[in-house]
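What follows is a pair of complexes built around chain A, which joins chain B in one and chain C in the other.
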Partner chain A sequence: MRKIFQIALGILAAIGGFVDIGDLVFNIEAGAQFGYQLLWVVVVGVVGIIVYSEMCGRVAAVSKRPVFDAIRERLGFGVGLGALASSQVVNLMTLAAEVGGVALVLQLLSGLPYRALIVLGIVALAVVIWVSPFEWIERIFGYGGLALLVFAVAAIKLHPNWGDVAYGLVPHVDTPDKLVYAYFAVGLLGAAMTPYEVYFYSSGVVEEGWTPKDLGLNRANALIGYSLGGFLSFALMITAGALFLPLGIEPEFIGTVALGAQVPLGQIGLILALVGILFAVGGAAIDTCFSGAYNVAQYFGWEWGKYRRPAGAPRFTVAWVVLLVLALLVIMSGIDPVMLTEYAVIFSVVALPLTYLPVLLVANDRAYMRSHANGRLANTFGLIYLVVILVVAVSAIPLMFLTHQGQG
Partner chain B sequence: MRQAEDLDLGLGLLDHQLVDSEGRRCGNVDDLELEGIAEGAPRVAAILSGPPVWRGRGRLGRLAAWIVPGDTVRVPWEEVEKIESAVELRKTCRELRLGRGDDRARRWVERIPGA
Partner chain C sequence: MSRPATIGVALAVLAFSGCGGGRLSQEELQKEFEAIQSLAAEGALVADGVADGRTTETFVSVHAQYLSEAARQIQTDVSAASGPSEKRSVERLASLVFQDLEELHREPDDRALAARLRIRLELYAAAAEKRAR
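Coming up: the complex of A and B.
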């Protein structure tokens, strides 16, 4: 019973933790521009992250090796270093965007100046990371993020045409702006399959000392946590499609996202939406920051881990502190967090194959995985998604230029 | 040391994590020192770890070795206890002079309250 309770708690935290600033931006913008037409891409993205995060978790539980160990072992020093550099650039951009998002929400809630709130936000994140145990961080931000469920209520209250919503689950293109449509499809896939999620998750599996006995839990986490997280993505896109599209609003601010809950539900909707965004984006900022530190420590073989005290893994500690400081500098420059988010997601898509190919290879290595190597199902999906990822990686940057970041 | 099964040096050893006798992570297998190649009976003499070793690991490796300071640490093959997904060593990292970057950084991090 206690175990079931624990699993439920973990999954709740995963739902709240799924949505980050990339999901917010791309789901809302896609809904505002194309209504429900791109809902099917969310399904494709969620299945993809389920497939690969299950694989990463399994590799970590069986071999005790997190994702970046596998990347260096399979790609070698040189290509591995390229993968590290690109993932760190994307991590830093994402982290800076999330911090900017936190500051914007705090500004809407308090009315204080934006730059002061950036500093406050960074300091608050650093203190939370320094003093709180790992589980607490996960739980607090995960549960807080559940306030985003207000968008599910908002979506229903807005009385969307459910026939159109259902049709959105069937891939179809019904627009003259085919390139913009493709740009948002790529962005939604990238937002759902963000690699920092698997860096973070697999490192957590090693930190918590999971063994092959925990593979059931790993599967449940991936399957249920991400499906329900995808449900939140649906709610966001349907809200935007039902509200912003008919009014011709192009959401360019984080605050516009919260409007989606305020219009149908009033003040309480607005508050819940802002609190949900604050916790979801704040939690994602911590995950991203840790991912960066995990990656560099694992690549170079340093001691790492949040379960050790900061002095137990000193270079790892220095790494996350440096990342936070760099993110502070980037976002203080005044760059728009929403634009930064789009760049981060699109660049992360380009680097996706460098993360997922080594994982697929290691998950198939029987010397490594013994009887827990990929079965036919995992390999079929793994290969299909590898092809999808390659296509998307090649087309991401051209689409970004051709559509001027989705402006047409 | 693994004896019963074959070990692919490129896949199963190179670039893997080094773990000392106390379970501390202390660097990676950056390169291998082989001997007996001329005699036709090659064997691994030592594991090499540290920034100068990266010079032999491609163009990016040369660049990284040029930027990052540090010494080469040579771990004789006799010190290898077991090869799993990580390479487990028989001694502590201090005895083997591994993981000194973490030791240096610890002196700074320790000063912060709560560390």
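Coming up: the complex of A and C.
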């Protein structure tokens, strides 16, 4: 019974923690521009993150080695350093965008000045990271993010054409803007499979002391948690397709996302949407911040982990504090968080192969994994996704320039 | 840097710098009409929430300000550029949308005003949509 409860809690946290600012921006923009046509990409992205998260969690539980350990070992010090640098740049961009998102939502809730709320948001995140145990950080933000389920209700209340929604699950292109369509497909895939999620997930497995006995929990978390998290992405895209597309609204602001719940559900919908976004984006900010600190600590072989007190892992602690300060400087420069999110997602797509290839190699290594190495099914999916990742990694930046960031 | 190279760099900068101070093409004007339509339609939705008492004052005030700033930015950018005769229509529409969104930002709890603004913003959105085609 206790085990089932533990699984349920983990899954709930995974659902609420699945959506970050990249998912919010790309799902809402894609829905507003193409209706339900890109729903199938969400399915592809969610299956991809399930496949690789399960693999990362398994590797971490069996070998006690998180992703960046594997990257350094498999790619060598030099290439690994390249992977570290690229992942840190993307992490910092994502963290800054998430912090900006937190400040924007706080502004929509309080009306206080944006820049003051950036500082307040950073201080609040630092305090939460400093004082809360790892599992509580994960759970608090995951449960708070469940308020985003309001978009599922909003989507139903907007009475979309369910036949069109179902057709959206079948890959098809029904638009003259094929490049823009491709840009959003790449962005949605990148948002669903963003590398910091697996860095965080695998390091979290080590933080929580999982062993091979927890592989069932790992599988359930990845499979059910991410699937249901993908359901939130569906809800966001359907809401945007039903509400914004017919009116010709091109969402450019976080407030527009919340408007998607306010119009069908009134004030309660608006408040739940804002609270859900706040927790989802705040939780993602912490995940990203930790991911950056995990990566650098694991790469250089420092002591790391939230389960150690700050004095037990001083360089890890300094790393996340420095990341928060850098994110503060980036977002205080006045850059638009929504635009920064788009850049962060597209650049993260470029870094995807450097993250997922080493994971696939280590998950196949019987010296590490013994009887828990990849089976045929995991390898088939792993290889298919590696090809998909390579294709989108090569096409992401050209598509961004050719479409002026999806503007056509 | 040689003169041809300098000219090349200058042309490249102009090509990538959008419409700021340059000449607007028909296609760029169409994009501006689409952007105005989007802002006006979204503003109408926000105003609708106020008119029906189904939103919060803080949300309306803050979000309407972001929308109005975007409308003013379009007006400023288009004013600084030269272009076809429709340029004036873009400027005019952007200015009207900006003014209404500013009112919404300043009076987020005035339901009667919001009802009027909703109708006007819907009209502007329809006008911009027609021009964008």
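As a working rule, the second predicted complex is superposed on the first by the 408 of 408 C-alpha atoms of A that agree within 3 Å, B and C clash if a C-alpha of one lies under 4 Å from a C-alpha of the other, contacts with A are read in each partner's own complex, and residues count from 1 in each chain.
The rule we apply is simple: a contact is a pair of C-beta atoms (placed from the backbone, for glycine too) under 8 Å apart; a residue touches a chain by one contact, two chains touch by 3 or more.
Only a predicted model underlies this, so the values are computations on that prediction, with no experimental measurement involved.
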- Give one word, clash or fit, describing how chain B and chain C relate on chain A after superposing. fit
- On the superposed three-chain arrangement, identify whether chain B or chain C touches more chain A residues. B
- Classify the contacts of A:336 with the two partner chains as first (chain B alone), second (chain C alone), both, or neither. neither
- In the superposed arrangement, which partner chain does A:208 touch: chain B (first), chain C (second), both, or neither? neither
- Message: On the A-aligned overlay, A:164 touches which partner chain: chain B = first, chain C = second, or both, or neither?
- Response: neither
- Query: Taking C-alpha centres, what angle do chain B and chain C open up at chain A, rounded to the nearest 10 degrees?
  - Reply: 130
- Query: Does the superposition put A:177 against chain B (first), chain C (second), both, or neither?
  - Reply: neither
- Upon superposition of the two complexes, what minimum C-alpha distance (Å) separates chain B from chain C? 31
- Interface residues of chain A shared by chain B and chain C, listed none
- Contact residues on chain C for chain A in the complex? 31, 34-35, 37-38, 41-42, 45-46, 48-49, 52, 54-56, 58-59, 61-63, 66-67, 70, 125, 129
- Item | Residue numbers on chain B that touch chain A, as the complex places them | 5, 8, 11-12, 14-18, 24-28, 30, 49, 54, 57-61, 64, 84-86, 99, 101-102, 105-106, 108-110, 112, 114-115
- Touching chain B in the complex, chain A uses residues 63-65, 69, 72-74, 76-78, 80-82, 130-131, 298, 300-304, 309-311, 313-315, 317-318, 365, 367-368
- Would you tell me which residues of chain A are touching chain C in their complex? 107-111, 247-250, 252-253, 255-256, 258-259, 262-263, 266-267, 270-271, 274, 407-408
